[in-house]
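Notes follow the structure.
As written, the chains take the letters A, B, C and D, and residue 1 is the first residue of each chain.
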Amino acid sequence: MTDFFVDTKFHVRYAETDAMGIVHHSSYIVWFEEGRSEFMRRIGLPYSKVEDMGFYFSVLEVNARYISPAVYDDIVVVRTRLVEVKSRKLAIRYEVLRDADGKLLAEGNSLHICLNREFKIARMPQELFDLLKRHCVCEE
Amino acid sequence: MTDFFVDTKFHVRYAETDAMGIVHHSSYIVWFEEGRSEFMRRIGLPYSKVEDMGFYFSVLEVNARYISPAVYDDIVVVRTRLVEVKSRKLAIRYEVLRDADGKLLAEGNSLHICLNREFKIARMPQELFDLLKRHCVCEE
Amino acid sequence: MTDFFVDTKFHVRYAETDAMGIVHHSSYIVWFEEGRSEFMRRIGLPYSKVEDMGFYFSVLEVNARYISPAVYDDIVVVRTRLVEVKSRKLAIRYEVLRDADGKLLAEGNSLHICLNREFKIARMPQELFDLLKRHCVCEE
Amino acid sequence: MTDFFVDTKFHVRYAETDAMGIVHHSSYIVWFEEGRSEFMRRIGLPYSKVEDMGFYFSVLEVNARYISPAVYDDIVVVRTRLVEVKSRKLAIRYEVLRDADGKLLAEGNSLHICLNREFKIARMPQELFDLLKRHCVCEE
């Protein structure tokens, strides 16, 4: 399929900065999560609904590479792409851009495992799998 | 003057929830701050500009009253009113509403002191004072 | 009864600071919580056990007054006193001190309501009430 | 050199948990930072002193792998090793263990670049380099 991504945009909060005067590196991990929340909403299945269905996309791995700092009041864009979908796993890629000039500030990835209510690894329901697969920039 | 307030609206982030399954009470303090950030932007003087001018509105006091819990993915509205403006101090009032039904989830206040770059108490510049005063729901 | 309080001590984390170069005011709200966690552990009933028993001490109100800033790497002490115990409610008072010189950095209060698993207001079990009452600096 | 690591130990805070009932994955990134703070203190050069000398160890990359969840009130140990020291860069490795049984909960790495006060890449002072090198589990 052609490229598919979801952008979510917000202001940097003061609480997200640190004593260096810039955004603390852990805040980007929270922003990635906000990126995938918006991704799920936009494809029509908010993650809160996934949990209502009895499943979690638990985080197995996360990584981030920091390129240029964001500061308080910047508008940042989190660009989110689903890059891999398996029956029990998914991988997501993120770019954080400064809205004013499009500069790439950070990028990262997260890997998720599908768990059921008992926190056991589980196949995701077929409809969920199909929906994700349709919105995946997967390489086969 | 007639009532004046600024609303800012966003989704509850997963990271803002806690093991009770609801939003952690400290998150509202961060939301209040996001409310006053938006307030300052909307009246034409983003707080980042206040800092560029060499001043801080340092937090002296904050309080919050929790009425009903927000949960992940809720859209919340922070309604912010400036309720007192003195040459060195300001007081702000917040309401957090659930966007779906307008229900009041929490309310609170913060009190700020104007500091200069050396963290000494300082009169705010006249233009800043006047601008704030014009947007204040002050009781005289 | 004579004065009874519990001290908990830890280093300020870098993530808790903000662009002013000092600890963000919302971090103290988290520290208060850490203070009451330690309080409960020290009187022999960790809050995790309270939840295991099927109860929550949900936060109804919180307030904080900021006196002097903490900075990264400071050792801070949270001094916690239980100041009111009712069958369904409790009130806690906090002081945050800088360990190096005992300076008072902030103080605050929180008010809690006892909820059961269904998030309904509930009387706390008698043994829990008695234990709390015994460690309360209550004014009658 | 033989293995050298620094352990830092603390209770899981309620604010660090999320609606899954476990610690939010972004909290581990903050814990890693707390691990390297303690590492620096223990080798005799608190990171606050590094900043006083005019240098920052800015985060270039971070990654984490989650193995088993921590919950509120758990005592966790962050085991920190310095694994690479260059004149302008350092790499650190972290393990998060549950204190009760030594179970590995998460592991990760961070890569840092040395910046000066103007946020330009800089060689770290020789004494700082030597101190770090002496406490590094470096592979040459």
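Note that in this section a residue touches a chain if its C-beta (ideal position, glycine included) is under 8 Å from a C-beta of that chain, and two chains touch if they have at least 3 such contacts.
What you see is a predicted model; the values in this text were computed from it and never measured.
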Original post:
Does the chain A and chain C pair touch with the same residues on each side or with different residues, judged by whether over half of the numbers are shared?
Top reply: same
Original post:
Which one of the chains is farthest from chain B, going by Cα centres?
Top reply: D
**OP:** Weigh C-D against B-D on C-beta contact pairs and write down the one with more.
**Re:** C-D
Original post:
Using CA atom averages as chain centres, what separation in Å is found between chain A and chain D?
Top reply: 24
Original post:
Between chain B and chain D, what is the gap in Å from one C-alpha centre to the other?
Top reply: 34
**OP:** Measure off the straight-line distance from the CA centroid of chain C to the CA centroid of chain D, and report it in whole Å.
**Re:** 28
Original post:
Residues of chain D touching 2+ other chains?
Top reply: 14-15, 19, 26, 30, 33, 51, 71-72
Original post:
Once bound in the complex, which stretches of chain C touch chain A?
Top reply: 14-15, 17-19, 21-22, 24, 26, 71-72
Subject >> chain B partner contacts - residues on chain C that touch it in the complex >> reply: 19-20, 25-26, 29-30, 33, 51, 56, 58-66, 69, 119
**OP:** Quick one: which bits of chain C touch chain D in the complex? Just the residue numbers, please.
**Re:** 10-11, 13-15, 30, 33-34, 37-38, 41, 46-48, 71-73
